[in-house]
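Each of the two complexes below includes chain A, the first together with chain B, the second together with chain C.
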Partner chain A sequence: MGSHNMIEWVYIAAVVAILTWVGADSWVIEKYIDEIPEDAETIKVTAQQWFWTFEHEDGTKEVGELHLKAGKAYRFEVTSKDVIHAFNIPFYTAMIDAVPGRINKVWFAPDQTGEFLIQCREYCGLLHSQMRAKLIVEA
Partner chain B sequence: MVLEIRKPRPLWEILFSTHHTDVALLYTVSSLIFLFMGGTLAMVIRSELLFPGPTIINDPSIFNRIFTMHGTDLLFLWLLPFAAGIGNYLIPIMVKYKDMAYPKLNAVAYWMIPPGAALVWLGWADIGWTAYPPYSIIRAPGPAADMWIFGLKILGLSSILSSINFVVTILKCKHPDLPIMKVPIFVWAMLITSFMILAALPTFTASLIMLYTDRLGVSGFFNPAMGGDPIAYQHLFWFTFHPEVYIFFIPAIGMAYELIPKFSRKPLFSYSSGVIALILLGLIGFASWAHHMFSTGLSFIEKTVFMVGTLAAVPMSAMHVFNWIATPWGGRIRFAAPTKWVYGGIALFFTAGAGGVVNTAIPLDFITHDSYWVVGHFHLFVMGTISFIFFGFMYYIFPFMTGRMYSERLASIHFWLMFIGAILTFVTQHILGLFGMPRRVYDYVSDPDLIIMNQIASIGAFMMGTAMATFLANMIHSTMKGKPARMEDPFEIGEQYYDYRRREPHH
Partner chain C sequence: MIEHMRIFKYSVKSKSVGVGLTSGRLLSLILAPLLVASLIPILDSAFAAEAEQLINRRVEIWGLFYRLMAAAFVVGAAVQGVMAFVLFRFREKKEKPQEVVR
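Moving on, here comes the complex of A and B:
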């Protein structure tokens, strides 16, 4: 019985060690991601059934299209006018829920130019699957 | 419990019976019917996603209703009732009591399922099985959403009643000469599941009422236009439904503990570590609900707490897997259908668990959340693990229910088609998620990678559909015409079975 217990304890210790490593690493990375750079430019993102509106710092608004500059950090302040949506750019793995009555923040700095997909990632009714926009990153 | 089906009895005698084996039969048969209904919807979903754009459904609203019903049906009308059915068969026998503690309450709990199911199915709602507000309160069409709410209310009440019954049967009606540390682990599993239902489910049943009054416009708990907070609903919902994951899983764990020593012809490696891991799993299941909500804007501290709470559940699952691998080690394993399903299920459970660790690592969660990764992850769990073990147990209990033997060859086809299909579908769905495909979509970007992966997932799903058709044929044919089982030892494992012949008169 003694050696039985020993094997199980070694095994559990190995599992706990792996989990601790995963948890600690995630914590360190998340701490880094969670801090939005001071010089990031703010874009206000408003979701509603079933399209996206983007407002730049200078007050210009875009619907269904977002123009950004490569090499600059952007802070997105995301909210919704009706139901819960989720603001998602798969290529840059940016993702945050758009919740009515709340402003959620996410940031990233595009480093590649081109056209990328912006989509809704939280079920929001009839045309959820069509709720897309275009991210255009310019040099 | 033997000869329930074969012995000619008028149907009404089973329907109006309060005897635990009759109620168990009703639970088991209805859960299998709902399994096939929900599975049919899955086939429709996978056919629609064979190509981007409209394929076989012209209206996205019908697609949204189909995935809502697929999830609601399989979680509440397949997993829960099947576990309750097997519990009804075995718990009174295992604790050596003549019946459940409250036989009439038992029948009432069962008979709440058909009206609840009828409301949910006829309502045909489009709110997703999670019914997140504000969509479910300000935009979802009625009376579908209202019927869904009332249907789930009735099903929830049924679960609470049957849990009370299990707790009292196990703790109060156990034979005085049978110590609690000698009962089969399946009894522990049903006890812990029942306690978890009693602790977790009232929160959701309360939030269903809040959802309903919000829909009526007389309250605004979750409606930001009336000062409410939709995220509050998510907390209440996941406080019930993360533990619910373990409520679904723990009966399956108990079944695996029942099957593995029998079919390895060896005693369990460690009874006490199995019981301890079950109790800890039942407690820690309550410490991880907000890992479903990392992207709703939780603070850094909240995310950290719930990541740790989630990771803390993994060692307990690992302890069970250790027991399941250490027990057959050096045993004489009998490879009948129950063995295949249990080990297939454990293999896929390992995969699902690895994916789960990825989900809870906070930065990675933002990549996988609400994508097809999550769809693949929880299907590996509810289908690849829980349902696999349930199927194994269904084959195991089949001779005791019917007095006949199922066809081992058809069961083997069922298993291998299902196992390969599950890997094709659910592993591919993980990758689809990494490619950014959101879940619950009627249409996806017309990209060659996405199209080919969706088609692989659909082919896997069709293999599983074929597998389930052989299961249905096997069950029906073997019930009516199967070879009579050799009741003293139908699986030739030389084990002691339950005292299935003992049957008290009807109440």
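Moving on, here comes the complex of A and C:
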């Protein structure tokens, strides 16, 4: 062990250990995030140039605004009517592509009340930058 | 010439020691931290699953981001440090230029 090249071996071990930890940690967090809670309420999200439509489980629809309750889990089933969009709520780090003919799922549980931005994150045409909606989280 | 011989001897010696390191202790040196590092988050998730509480996605994702950033900086520092050390060692091992005496 008293060799002059021990530093290289320690370096290799340390770097490999850190990268393994990074991989394992990422895998665990991704597994956490992918698991949608069974009691989550489903919201159907439809994107089209250039606005968002939200449909609750009871059939009520909202356009450009979404009302949710804090402390409850919501599953979003996201699709598009025309081109590819991306459903993004930056504050709650939720993002998923809205693809025509396909239903993508994402979930989160809002923990803070207030107004938050919903924004399209995939360039979808002339008014892409204006394709926003308001998320209102109530107590 | 003597200096050259010394360097030659040194390199041969180091090679033999290097080969000796690959067995046993070196393997455990590499594998032990690997094993511990990969087990920690898995055990952590196992205990968290028992609690069955709703995870805060925002906190988890940003937490992971900061941990990965810290890991990237540590790896970067380790790589830079070892490179500097290896260069320094190489420089010190090289034969020093002789002063010209006229």
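Going forward, the second predicted complex is superposed on the first by the 124 of 139 C-alpha atoms of A that agree within 3 Å, B and C clash if a C-alpha of one lies under 4 Å from a C-alpha of the other, contacts with A are read in each partner's own complex, and residues count from 1 in each chain.
Definition applied: a residue touches a chain if its C-beta (ideal position, glycine included) is under 8 Å from a C-beta of that chain, and two chains touch if they have at least 3 such contacts.
This structure is a prediction, so every number in the text was calculated from the model and none was measured.
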Which holds for A:S26: it touches chain B only (first), chain C only (second), both, or neither?
both
Classify the contacts of A:G64 with the two partner chains as first (chain B alone), second (chain C alone), both, or neither.
neither
Classify the contacts of A:V15 with the two partner chains as first (chain B alone), second (chain C alone), both, or neither.
both
Touched partner set for A:N104, first chain B, second chain C, both or neither
first
Could you tell me if A:F91 is touching chain B, chain C, both of them or neither one (first, second, both, neither)?
both
Partner chain(s) touched by A:G125 [first = chain B, second = chain C, both, neither]:
first
Tell me which partner A:M6 touches in the superposition: chain B (first), chain C (second), both or neither.
second
With both complexes overlaid on chain A, does A:A73 touch chain B (first), chain C (second), both or neither?
second
Chain B and chain C footprints on chain A meet at residues 4-5, 7-8, 11-12, 15-16, 19, 22-23, 25-27, 29, 31, 33, 91, 93-94
Once bound in the complex, which stretches of chain A touch chain B?
4-5, 7-8, 11-12, 15-16, 19, 22-23, 25-27, 29-31, 33-34, 49, 82-84, 86, 88, 90-91, 93-97, 99-102, 104-105, 117, 119-130, 132
Show which residues of chain C lie in contact with chain A when the two form their complex.
14, 17-18, 20-21, 25-26, 29-30, 33-34, 36-42, 44-45, 48, 54-58, 60-64, 67-68, 71, 74-75, 78-79, 82, 85-86, 89
The answer for chain A against chain C in the complex is residues 1-29, 31-33, 37, 71, 73, 91-94, 107-109, 111
List the residues on chain B that touch chain A in their complex, please.
60-61, 64, 126, 128, 132, 134-135, 138-140, 224-225, 229-231, 269-270, 273, 295-297, 300, 303-304, 307-308, 311, 314-315, 318-319, 322, 326, 357, 361-364, 366-367, 369-371, 435-436, 438-445
